[in-house]
Structure formats: structure tokens, C-alpha cells
Amino acid sequence: MDVTNYVVLAAVLFAIGATTVLLRRNAIVVFMGVELMLNATNLAFVTFARMHGDLTGQVLAFFVMVVAAAEVVVGLAIIVTIFRTRRSASVDDVNLLRG
Amino acid sequence: MNDVIGLAPWLVGFPLIGAAVLLLGGRATDRWGHWLGVAASAASAVVAFILMFRMIGTPPEERAVDHGLWTWLSAGGLDVDLGLRLDPLSLTFVMLVTFVGTLIHVYSVAYMDHDVDRRRFFAYLNLFVAAMLTLVLADSYLLLFVGWEGVGVASYLLIGFWDTGRPSARENAVAAKKAFVMNRVGDMGLIAAMAILFATVGSVSFADVLPAAGGLSETTATAVGLCLLLAACGKSAQFPLQAWLGDAMAGPTPVSALIHAATMVTAGVYLMVRSGPILEAAPTAQLVVVVVGAVTLLFGAVVGTAKDDIKKALAASTMSQIGYMMLAAGLGPAGYAFAIFHLLTHGFFKAGLFLGAGSVMHAMGDQTDMRRFGGLSRFLPITWITMGLGWLAILGIPPFSGFWSKDGIIEAAFVPVDGQPWRAWVFGSVAVLGAAITAFYMTRLFFMTFGGRRPRWTENQHPHEGSPLMWWPLVFLGVGSAALGAVLGIGGTFTTWLEPVVGHAEHHEPVLPVPAIITVTLVLVVLGAALAFRMYAVALVPEEAPRGSFLTRAARKDLYQDAANETLVVLPAHGVARLVQVGDRDVVDRGWGVLPLAVSWFGAMFRKAQTGYVRSYAAGMAGGVLVIAVVAWLVIQLGGGLGGAQ
Amino acid sequence: MFPWLTVLVAWPLVGAAVVGLSALVRRRTGPAGGGTGLARPLALVFSLVEVGLLVGAFLAFDTGAAAEHQLAEQHAWIPQIGASYAVGVDGVGLLLVALSVVLVPLVLLAAWREQGRDEVRLRRFVALVLLLEAFMVAVFSARDVFLFYVLFEAMLIPAYFLIGGFGQGAGRRRAAVKFLMFSLGGGLIMLAAVIALYFLAVDAGVDPRQAFLVGQLTAVDLGTVAERLMFVGFFIAFAIKAPMVPVHSWLPDVAGNATPGTSTLLICVLDKVGTFGMLTLCLPLFPEASRWAAPFVIALAVVSVLYGAIMAIMQTDLLRLVGWTSVSHFGFIILGIFTFTPLGTAGSSFMMLNHGLATGALFLVAGFLVSRHPERSQKIAAYSGLRSVTPVLAGTFLVAGLATLSLPGLATFVSEIMVLIGAFGGSPAGSAAWAIAAIPGVVLAAVYVLLTYQKIFTGAPAAGLEALPDLRVRERVVAAPLVAGLLVLGLVPSLALTYVDAPAEQSVAAVTAVDEPADAAAQMGSDK
Amino acid sequence: MTTFVPPEIDWLALAPLLVVLGAGVVGILVEAFVPARARRTTQIVLTLAALAGGFAVVAVLWPQIVAQPVQVLGGSVTLTPFALGTQGLVAALAFLGVLVVADRTSTGQDAFAPSASAVPGTSYEDLARRSGLEQTEIYPLLLFAAGGMMLFASTDDLIVMFIALEVLSLPLYVLCATARRRRLLSQEAAAKYFLLGAFASALFIFGVALIYGFAGTVRLLVIAQRVQQGGLPLEGMTVLLVAGVLLVTVGLLFKVGAVPFHAWTPDVYTGAPTPITGFMAACTKVAAVAALVVVLYRITIGVGAVSPETMQQLQAVIVVVAVLTMAVGTVVGSVQSDVKRLLAYSSIAHAGFLLVGVAGFRPEVQASTLFYLLAYGVATIGAFGVVTLVRERRVGATSGEDNGPVEDDGVVLGEATEIAQWAGLGRKAPWLTAAFALFLLSMAGIPLTAGFIAKFGAFSGATNGGLWWLAVLGVLASVVAVAFYLRLLVVMVFRRADDETVPERVPDAEDLGEGAGASGAPAGVGTATLVTPQVTASQQVAVTVVRSRGPAAVAIAVCAVVTVILGVFPSPVLGLVEQASKFVP
């Protein structure tokens, strides 16, 4: 197996995540798309770490996880607040601000 | 000469101070202002006489004196001193202007007696005298131009003197503006001439330019000559810039006498004579000058035959007479002296005629229509006699002054130039024909006014002579009309007097013997006068003008000059102006206005992209990543960067 | 040496500040309501003292060396970007400084009652005028391109507020914006050229910490293409300011909507920065490009002359008309500058001064007229027959008008004839023809001046205007110096010409001294 | 027994960060332990002191770092003069920003919701307001954000940069959602900012991953070194490197607010509480642009040497983005009708001008960029500070068609951000208007204000880099930008208030609640009803200017003075930032 395959897999996962962000209406799902992108990144990190033979990449993956967790905390708080106000988690409903 | 030259600036100074005091003094000077005006003019006249006597006592070759005052402008290679040139030519003019001018000032004291703005009138008159003297005394074209436009302004102010408070006020103002603008058209020529002279000779002063004129290429000389002619046409109401003169009669009659008969309008002739050396270097230009003179001569004469307004008839006559002068000025040294001579005699008799006309109008309640005159000789004897002298003078009946000067011009016109006899025949004939027509219309004018068996007055007219202040000037001018020609003409006194300036003219034989010319001319003049006498003194003059022949109607309308100007100049110019106006509004201004509109339009377009939907924003970002990728790819494909330093 | 120029710049600034602070004084001691306060007298005193300072500067100026920049000062200002505070004036600069300084008190006096009894507006107005004065004096003294640029742009701001805040017309806000957009548009294009100039100069070995000194930059060879591009950048800015067809569109709007005093300062003084910049920056910095562009510039200048005059004739609004006459006159000035003759250039320099006096007089007198109208109408058609009602006003208007049409005997004539005669012998191709083509401008000038005079002052007095008061003493005091100046300079123009002659010679020499590239066109082609 | 070798840490070099972030932590403790009465004062004093202290330490460090840049913790913190300058700038601007945040104005209320978690329009929210709750947590949040920003450009390590990015972003997301008024907009802003920010972070970190794959390290200087040395496992796949750098750049451009990654800017700036908008607009821009400069320039040191075309690609991308950013910022800005939104587009346009300078890829640009950010930052904080003081005031209510307006009850509502509402402000509050005009002129780049010198520097950067035509484009964009600043200026200064009919606005739920029981029962909770509450009485509002309680006025005054001083005598500051033009340790 070539390293390329792993990288391609990571890229595909990343693209799926990005597509999720672009296509899904539910804010939670959109956010899940972002998480998928971050995890694709993690895959790339560990792949490259293995290729280069150093641990940096793996450590970086942990950092990304932590950051993702932090994002979840803030993100869910915001999304829930909006949900409580509007009874909807659709990102298409929040468009008072435009133009 | 040099001991009195210091007085020369006062020639201009007195009237200038007079004008300044009267204008700035305002109403405070109302009571005595007119006398100050007279005094200023008279003081100038006294200085002129002193200078005149000293000059006569000076040997002819020392008579031309340049008197520099101060450096006027000196920059960029153009050095012009503000200086006066005193020589027989300018002094002749000075005499005419100050003497006739003073007479007219005196006349005006009475004529304008009832006008609330008499002070202002005298201020303008003084201003005119100062400007006119500047014009003739200038030692450079540039200073001449100052006087040239100065008289234009004075003329403007005086034509439009009654520009408010009368029914005709607006017309008077329009006439004034017309005069000034048409003069300016001519002035373009003077500016262009100066430009060419500075570019070729490097100076605009007479002392440098005139001696160098012989060295100019013919093209240059022709260009300068024609430009100067344009200027002269404007100022002297010569064809094709003649249209303003008739309208200028809107001004008070003394103004017509002084400015639009005796002095200002002849400035063009002065310019031609002064620039003689340049014209002599340009035969084509000379020919054009002669042609212009001849055309105007006939034009004015024809118009004069049909006018019923006494002042307009005289104005047409003036135009015609200046045509004679212009014709003479185009004939070279042989004609210069006669041009100036005629200018001088014309100044006297035409001023006399105008003041006479003013006297008639004064008597007839400002009526100017000759068809409402008639039989005035009994009521206005002094006016009748003095105008009669002027009438004889302009007809050129010997020994009255017009004969001496006009006959000289007719003779000179018959002299072949460069072996081209056709010119002699053509211009000679025109001159003679003009004399005949002149006789007709002046006789018509004279008898319509004074003759006739039955007055055709309007109601309630009690004509009587004005105060002595009005008729004494008439007497002086009448005497001048009668005698001046003989005094200066016999023995060629005047020709000799001008010789230091215009040069000695070789005597050439005309194509006809001189006695024959004189005879033919006189016969035609008498015929013309007799015809007019029959039609306007013997026959009854209708109070309303008959419809008349086509030619009469055309002449009454100044040979359609205004219509022609309207069609050929004003309408196209107005069209261009409209075009520019519309273009500025709809193309230039709106064109700039498109920019903000375009920005707003694009703004509104781009604004739509800001939909408010998070997903579309994210799509935009994703698209942006693609765009960036494409840009990066293109850079590789196209090779090379953006002209950056690296 | 006494820093005359710095003092001349600083004094009005102090004045503006003091006037601004006078608000505090009034509140404590002034009358409770409707008081006219201290602002106007204070400002007038400041502007008159400034005139006194100007006399000092004139005395310190050596006319024998009018081509040199005297009263010079130079200090490092922003060495990091090569900018210095360098001031100095040659004869031309000094005359324009004088024009600014002399016109300000007259404008203040003319506007004495313009703002009614509104104390706040009044205070702001006079403070802005003083601020503008400082900028104007500074910009004509600047000898550093960066400093010049900064002032060139910065003075737009007070001018903008003067137009938009105090005008009479309903369209004054639009006019102010239009003015600022045109000026800034040109100015920013110039900014690009200024920046480029810096780097080229530094590349050519100029000390980067003083790279903007005009004196140093003239020696730099920029290369044909760069020089031409930069010339274009500078020229567009100056042409907009000047105002030249077809970038003049802002001017009539401003003239029609601003107060006459503002128009006077703006069009008679501030706009001279355009022609002044052409003369003192474009020519010496970009001599080759100036020659390259000259035929085109001359053509546009002559078009401006005729275009402005024709548009003036067609106007129905008195103040707009006066604005358009300026387009025509600026055309003459530019014609004189870009035909590269000492005579024409000296004439243009002189004309910058004269136009300020003549058009200033016309604007102010027109303002006096408009202020008398019950509805403050600016329409020419609203007036008629006023010569007998207000003779002094009519006379003053006529004299100002005659000055505008360059009547011989008045200063404007001398300068105009110098320009025309000089331009006829100019070196750029077609100069003579264009000079001749410009001459009809004098006829058109006669038409627009006399037509206006005829409509306003002759005929029967219009209804409701039969009892207008004539010029008051204050107004006469405003008009008198301008008229006197025009007369004196017309009869003794050498008073001013001594200041402009030598600089004119020098600037022409600067342009014509450079050898024409063998075949500039071919070189241009190959550079592309 | 292993010997533990403690790392050598230059604590002084870390001090600015430690002071600010430490204070943030202390702030959390304050929330827990200090009684509610004293909490707000304590937090404000602590926050201001921390930022001032951070700035002071920067000042102390400055000569040392200028003489010798240092790397701490193996480059995790790399203090170049440029980085240190960024830290100082962020600390100073944050200080001014916090002053605005802290001002309760004469209305006695700050800009933040008493309880941000309460659902708008509920009785719980009403209760929170009545009991005088205050969310003093915003101050520690501000400190964390500021700390993140200070770290952002002070590192050589892409992963640290990522962490810094999150540290600065997460508090901002939260802060955006805390507005006292127009809470729906506030929450929407937060949601948008968060979702898009997370998306951008993902792009950023994926770029880091690709770079790591290519170079085996995430240290910028080491990457440069390795690329130059060669011999990497994926030697041929420079596309990996290019893609990585581009993705990282995109992540940063998002923070910068550059087109096409700008879409969040207007919405977030409009929705966020105005003091936060000011803080965010100024400080985030500083950090993001600085980080962009660091990444681009360090990468190109190495990459440019071996692979000029990569260098050109980067430059081309920046140029294209710069042009787009200027165009969209100015053109769309010119059709805005809301002051905050207009300032947001102005911020986008300024990002474009900054990028024009950056695109020149010359070391001198660091100096001019710092100066630009300073000039822009003070003008922005000042301008938003002014916005916080211009308010709507209820002048009367009509309860039916035939009832005339009732007495002015004088209740001050939210900010009056419609441009038309600013008409005649010059009369109501001349000094405030003068200050705002000054900020606008500075943003427009009029000489004798800081903005001009800044713009001059940016365009110089491009010209110096050979991109003179980009400078010309920048100049043209400036003209358009001037146009929209002018529009605002015209309204404020020249237009009288009575020129415009006062727009009849439907106040949002918060405003209704403020009205001392004017419409007793809270409106329904359905989305639609919240957007346009069903109220029986329509209200008319007038515009009033509330007085600052001090801090905001001080901030505005300082901003104005700095704007003028930097415009007239920029030399000392230019001298300072010039020293920052050193890149590499």
C-alpha cells in the first residue's frame, strides 16, 4: 500500500465532510461535517507521521482532537441557544442578516 | 520739440483724470461735473495746440518723437515701454479729437441738460477722449490696442447710455453690446497680428516693427496685413463687420457725432496708414483693403439712399465715407495722405452734420424720422446754414473741404497699380459712382429735413434753435467744413505735412487726365443732387414710406446685413453652442455620472451574493478555494508571475 | 533668518483654533441669545495680521533672484518615507501666496452677513476659511513632493465642508461630494505616481530619507516610459483641479451651489494649485514627458477656452456662469504653460494672479447682487434694469466683467495677451494654430460678460427689485482693493512681472534643455 | 535514574502572553469567588491592568528583541520584533476596545445581555434583567481572545498557530452571542461565525497536515530549511506543499476577512454587540494579517529559493485576493444603509489594501503593515465606539390609526444604525461627530490622518515589489471607498435631522421589554412573531446621543488623538515599526 492511498482516503473524507457542511441544513449535522473534516486531517497526520517516522504527527492528531472538543462545547452552546429561541436548528432559518 | 514733449502725457491725462473724478465722485459732482468734463477736454486741446505749433516750428525730419514713460511690461523677451509717439500723423488726429471733441463736449452741456445722468455722460465722454488719444499716440501696437479697446468700451457705454428707464432701453443695450462684440471680432485680428509680429520681429513697437516690415516675407506681411485689416474693419464698420454702426445710433447724438462719425470709427484708417510699411510689403493685402473700401463705399451709399431715420442715414454715409478712406489707405503712399486728409475733413463736416441732426431732433422732440420733418429752414436757420455747409462739403463741391480730400482719393484710385489698369478703372469708377450716390442721399437728407413746402411734423411741435452752447459748436464745425479743405489742400500743405510719416509718394499719372476726372465727378454729383432735389424738395414727400422697389426695401434693411449675419454666423454659432451645452450635460457630465451608477449597480449585484445563508457562505469559501487553485494552476500554465520584482 | 513661510502657515491655524475656542468665551460673557459673537472680528483680525506678515515676506524676498526658491526652510519630517518639511517660494509661488492671503480678509468681509445670525455656523465658517488659508499658503510654498501632495489632498476637506455646509443652492451636498470625488480621484491617481517617483528616485541614488525634495528630483532621469506614466498621473490630478475639459464637471456645480466667498477661495485660489503644479512640478520633474504631451495638452487647453466660454454664454444661473468663465481662463493659463515660451509662461503665471483678482471680484459682486434679491435667486432672468437702481453695484460688476473679458488697461489683458502672443511662438507642434484658435475666446468672453450685464442691469427694473439698496460701505471695501489691484497691475504690470519673469525663463529652460530623444515614438514602441 | 533536564525557558519573552492569559484565568476565579457587587469593577480593573501590563512588558522587551530575536520552547513562541510589535499592538488596541466594552453610558446599561442563555422574550429573561444580572464573564473571554491574538503571529509552529487561532476564535464566538438588544441578530451572528470559522479552521489544519506530509515538520523555518536542502520523501509532490500552503493561507484569509472568505464579516459585525465588533474588527485583523505575513514570508524564504514558480503562485493568489477584496469591499460597501454594516465592508476593503502591501513580498512591508494595522485599529475602535453612543429614543406611541403621538417617554432604545438616522448628528453632538468624521477620513486615507500614511505604506509596498499596477488598482478602489465614507459624512454633517422623515421602526423584543411594561405581556415565542413582534402599538423613534460614563469617551478621544498624531508626525512610530522589519531569528 502506497502512502498515496492513505492521503487520498483522507482527502476523500475531508471532501465528504466539506460536502456535508455545504449541503446539510441541520446545524448539528453541519457541525458534524466539520468534525469529519478534522478527523480526515487526523488520518493524514498519523499517516504522514508513520511515513516520516516521527511522532509529531500523532501528537498533532491529539491536539486536533482537543481543539475539536473545545469547538463542540462552544458550538453546541450556540446552536442550542438558537434552537431554544427559534425551535429550529436549520441553518437556513437564520438569515436575518444579509445584503 | 523736446522741451514740450513732457506735456504729451497730459493729453491723455486730463480727460482721464476728468473721467476718474466724475465716475468715483458720484452724485457729489452732479452740479459741476459737466463743466469739469469740458475743461478736461479743453485742456487737452490746449496742449494739442501747443504741441502743434511747436511741431510746425520743427524741421520736418525731426518731427517724429517717441516719448517713453515707463516700462510697461518686460517679460519673456517682450519688452514694451508705455510710450507716446508724436509725429504729424498722430498730432493730426490729436487735433481732430481734442478740437472736435471739445466742441462736442460744449454742445453736450446743452444737449444733455435735462438728463439726470449728465455727469455720467461726461465721464464717459472724457474716458473716450482719453482712450482715443491713447490709441493715436501709442508707440506700439500693444498700447494702441489699449486705446483701441478703450474707445470700444467708451463707445459701448455711450451707445447704451440710455439703457434703463426708457421704452427703448433694452434695444439700446443690445446695440451697445453688438457694437462691442463686433469690434472684438475685429480685435482678434489685432491680437493675431501682434502674435505674428512678435514671433517674426520680436517686438510690437512701431519703432521696431515698421522699419523691419520690408524684411518680412510676403506671406507674413500678408497675414499681418489681413489681420490688421480685420481689426480695422471691426472698428471702422467696414464690410463685412459694418452691421453695428447703424444700431450704434441708439446713443445720444453727440456720441454719434464724436465717436461714430468723427473719430473712433476712423481709427481703422489710422491703423492702416500707421501700418503702411507692412501693407506695402503685402500687395495682396493692399488689394483686399482697397476691395473692402470699395465695397463698403457702395454699400454705405446704397443704404444711405433709403434710410428715413436721419441718424441712420448719416451713419450709412459715415460708413461710405470711411470706405473712401480705406480705399485710399490701400493704395499705398499715394493714398495715405488723402485718406487722412479726408478723415480730417470728414471729421469736421460729419460732426457738423450730426450735431445739426441733434439740433433738429432737439427741436423736434427727439423725432428722427425725416418724413416727419420738412420746412425747418425757417425755424432753425443756424442749423440750416451749418448743415448746408456740411452738405456741400460732403458732396465735394469746390471749394468746400470735402472736394479737396475726396477728389484726391478719386484721382488716386484712377492711378494704375503695378501696370494693372483694370484696377484703376474699376476702383476709380466705384469712387466716382459713390460720389454720385452720396450726392443723391445727402441732398435727399438735406431737403427732406429743411426743404419742402409743407411741414410733415407730428402734433405740438414748436421747433426753435437751442441755446448758444449748442449752436456755437455748429458754427465752428460749419466753418471747418467750408474752409478746412482749402486751407490744407491748396498747394499740398497737408500732404507735405504727413510726408515724414507716410513717406513721399511718387506722382503717377491716372488713367484719365485729372481735369476729366474732376469734371466727370462733378457732373455726376450734380446729377445725383438734382435727382434728389426733384424727388424730395419739389415733389411731396409722403409721411409714410412707400413700399418702394426691391432695391429700396433691401437698402432700408441695410441690404439684409442683419439677416445675413443671423443666418451665416449667429444661427450656426447658436447651434454649436446648443450642441456643446447638450454635449456637456448629456455626454460629459452624465458620462462621469455613469461611474457612481456603475459602482452602485455592481454593488447591488454583489450584494445579492450576501444571501444570509450560512451554507451559501460556506459554498463561497469552497468556491474561493477552487478559484485560488485555478489561479495557482494558471500561473504555472502561463508561466511567469505578475511582473513582480522577483 | 526669520521663518516667514512657516509663520504665514501657522498664523491662520492659530486663528482657526482661537476662533474655534471663542465659543467658550461667548458662552460665559456674551449676550444670551442672537449675539453675533467674536468669531468674525477675530477671524478678520487674524487675516489682516496675516496680510501684514505677507508684507514682511515680500520685503524679505529678493526680486533679483526671483527664480530661486527663497525664504526656504527644510526640516526632516518623515524621513522613513523620504518626506521633508521643505518650504520656499519663487516669484510665482510668492504671488500665489499673496493672492490667498489677500483674498481671505475680503472673503470674510464679504460673507459678514451671509450666515445670518447663526453663531455656530458662522464660527465654523470663518474657522474653516482660516484653515483653508493655512493650507493654501502651505501648498504654494511646498518644495517637497510629498508635502505638496499631503496639502493638495488635505485642503480638500475644509473646502468640502465649506461647499457642502454653507452653500446657498439646494444641490450643495451633491456639489460638495462631486467636488471631493473628482479631486480625490485625481489626487489618488497622483498618489500612485508619487509613490513610484520615490522608488525611481531612490534607485537613481537619491538619499532615501529626503527623496521627495523637488530640488533633488529634477536631476533624476526616470526613463521615458516611467516618466510619461508619472506625468500622466500628476497631470490628471492637476487637470481636474485646474479644471480642464473634460474633467471640469464638478466646477459649475460648485460655483452654482457654494457661497460666493467659498467659490472665490476655491476657484480663484485653490484651483491654481492645478496650474501651479503643472508649472512647478510637471515641467521640471518630467521635462521630456511634458514635451511629449504638450500638443495634446495644448489642444485640450484651447478646447477648454472655447468650451468654457460657450457654456458660460448658455448659462441661466449667474454663479454657474462665473464658474464656467474660469474654465475658459484656466484654458488660457494651461495654453501658456505648455507652449514653453518664456513669454507665455510668464503670462500664465501672471494670469494666475489676475484671474484670482478678476474672477474673485466677479464672484463677490455677483454674491452681493444675489444677496439683495428677496429670494436670493441666482437666475439671471430674475434680474433686470438694475443699473439705475444700484448704479455702484452695476459699475463694479461691469468693471469686474470687463476684467474678466481682459479689457486692455486692466491686468487681465496683459496676461492674456502675453499668453496668446507667447503661445503663438511656442515650440510644440501646432502651437501657432492652437494659439490662433484660442483667440475667438476673447470674442466669446465679450459675449458672456456683456450679455449678462445687459440682462441684469439694463431694461426696465424687474418687479420687486425697484428699491434694492446699492452697495454698502462694507461691500465697497471688499470690491475696491480688487478693482484697484486690477487697474494698477494693468498699468504697471512690471510690479508683478518682475516676480514671474525669471521663474518663467527657468521653467522653460528646464523643459527645452533636455535633448529630444532621437525618435521618441520608436523608443516608446520598443519599450512596450 | 534518568536525569531530568528542565527546559530552558525565557520567561520574560513569554511574559506578555502569560500576563494576559494568566489574567484571563484569574478572571475565571474572580467569577467564582468575588461577590457579585464588586465583580464587574474587579473584572474591568483586572482586564485593563493585564492588557496594560502586557503592553508594558512588550515595551520592556522591545530593545532586547530588536537586538536579538528569540525562540522560546523550540520555536513554539518565536519572538521577532514584528511578532512583538503585533503583541504590543493587540494589547494596546484591546485596551481601548475594553474601555468601550466597559462603558455603561448614561443609560446605565452596558451592551450585553443580563443572561445570554435566556431565551429572548421569555419571562426568565425579563427576570434576569430586573434583578440586575450582569455577565462579567465577557472580560475573561476578552482576555483569552486577546491572548490568542498575541500568540497568533508569535509562533513559528503551525500547530501552535492553530491553537492560537482557536483560542482567539472560541471566545469571540461566544462574545458575539451576548448582545443585550436585537438578540436574534446577535445569536445568528454567533452561529454563522462559529460554523464558518470551524469550517475555515478545518481547511487550515488540513493544510497543515499536507505541509507536514511534505516536509515532515510544522515549523515554518525548518520547512524552509528542508525544502532548500532537498531529499524529502515526497520530493516530487510539490503540489502537496503548494496545496498545503494555500489551504493554510485560506484559513488565515478567512480571519483577515478577505474575499471570497469574507462573507461572515458583514453579518457578524452587524449582529455582534457593537463594542465587541470594534474589538474584533481591530484586534482580529491585526493578529490575522500578522500571521498571514509570517506564514507567507517564512515559507517563501525557503520555497522561493528552490521553486520560484511556487513563489509566483503564492503571489498571484494574494494579488487576486487583494483585488477581489478591494473591489467587493468598496463596491458593496457603497450600497449599504447600515452604519455597522458599512464599517464591516470598510473593514473588508481595508483587508484588501493591506493585502496590496503584502503582495509586494518585500521585508519592508512588515513595518508598513504594522503601521497600517495601528492606524486602522484606532480608527475602527473609535468609530464603533461612537456607534455605541448613537441611540434610538422612543418619542411616542400610537395605539391606533386615529391617535396622535403621545408624550415623549424618553426611553432610550438600541443603537441607531440606519445611516439615515444619523442625519444632523453634527448639530446634536459636534465633538462626537468630529471624532467620527476624523475616523472616516482616516479610513478614507485623507492626508494628515494616520490612514493616509498607512495607505501610502501599503501602496509603496506593492510598488516596491514591482506591482505598481496593483497600487493603481488600490488607488482606484480607494476612490470608491472614499465615496461611501463621504456618504456617511454628508448625512452626519450636512443633512439636517428634519430633512429625513424618521423611519418608523418596529422595535425588537428587547426594546419592548425595556418600555417599563409598555406592552405588558411578552410577545409569543414563535420565530415569526419574534422577528416582527405582534404589538398593538407601533412606535416612533428619534435619534439621541447618550453620554459616555467615561471609558468610551476616553477611548474615542485617544483614538482621535492618535489618528491625528500619526497623520501629522508619524515619524517616531514609523521609526519604531521600521525596526520590526526583521524576519528571521
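When the chains are written out, they are named A, B, C and D in that same order, and each has its own residue count from 1.
One rule holds for everything that comes next: a residue touches a chain if its C-beta (ideal position, glycine included) is under 8 Å from a C-beta of that chain, and two chains touch if they have at least 3 such contacts.
None of the values given here were measured: they were computed from a predicted structure.
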Comparison of A-B and A-D by number of C-beta pairs in contact, larger one: A-D
Chain closest to the assembly centre - both centres taken as Cα means: C
Distance between the centres, which are taken as Cα means, of chain C and chain A, whole angstrom: 64
Interchain centroid distance [CA atoms averaged], chain A/chain B, Å: 95
Chain A and chain D: spacing of chain centres that average the CA atoms, whole Å: 25
Whole-Å separation of chain centres (CA-atom averages), chain B against chain C: 36
Set of chain A residues in contact with two or more other chains: 18, 21, 30, 91, 94-99
Residues of chain D engaged with two or more neighbouring chains: 191-192, 195, 199, 203, 266-267, 464, 483
Residue list for chain C, restricted to those that touch at least two other chains: 181
Interchain pairs in contact, sorted by label: A-B, A-D, B-C, B-D, C-D
Residue ranges of chain B in contact with chain D within the complex: 596, 599-600, 602-604, 606-607, 609-610, 612, 614, 616-618, 620-621, 623-625, 627-629, 631-632, 634-636, 640-646
Footprint of chain A on chain D - complex, ascending: 116-117, 119-120, 159, 162-163, 166, 170, 173-174, 177, 183-185, 187-192, 194-195, 198-199, 201-203, 205-206, 208-210, 212-213, 216-218, 233-234, 266-267, 270-271, 336, 341, 525-527, 530-531
Chain D residues within the chain C interface of the complex: 367, 441, 445-448, 452-453, 456-457, 459-460, 463-464, 468, 471-472, 475-476, 478-479, 482-483, 486-487, 490, 493-495, 570-571, 574-575, 578
In the complex with chain D, residue positions of chain A that touch it: 3, 7, 10, 14, 17-18, 21, 27, 30-31, 34, 37-38, 40-41, 44-45, 47-48, 51-52, 54, 56-57, 60, 63-64, 67, 70-71, 74-75, 77-79, 81-82, 84-88, 91, 93-99
Parts of chain D lying in touch with chain B, wherever the complex brings them together: 191-192, 195-196, 199-200, 203, 242-243, 246-247, 249-250, 254, 259-261, 263-264, 266-267, 304, 308-309, 311-317, 319-321, 328, 330-335, 360-362, 464-467, 469-470, 480, 483
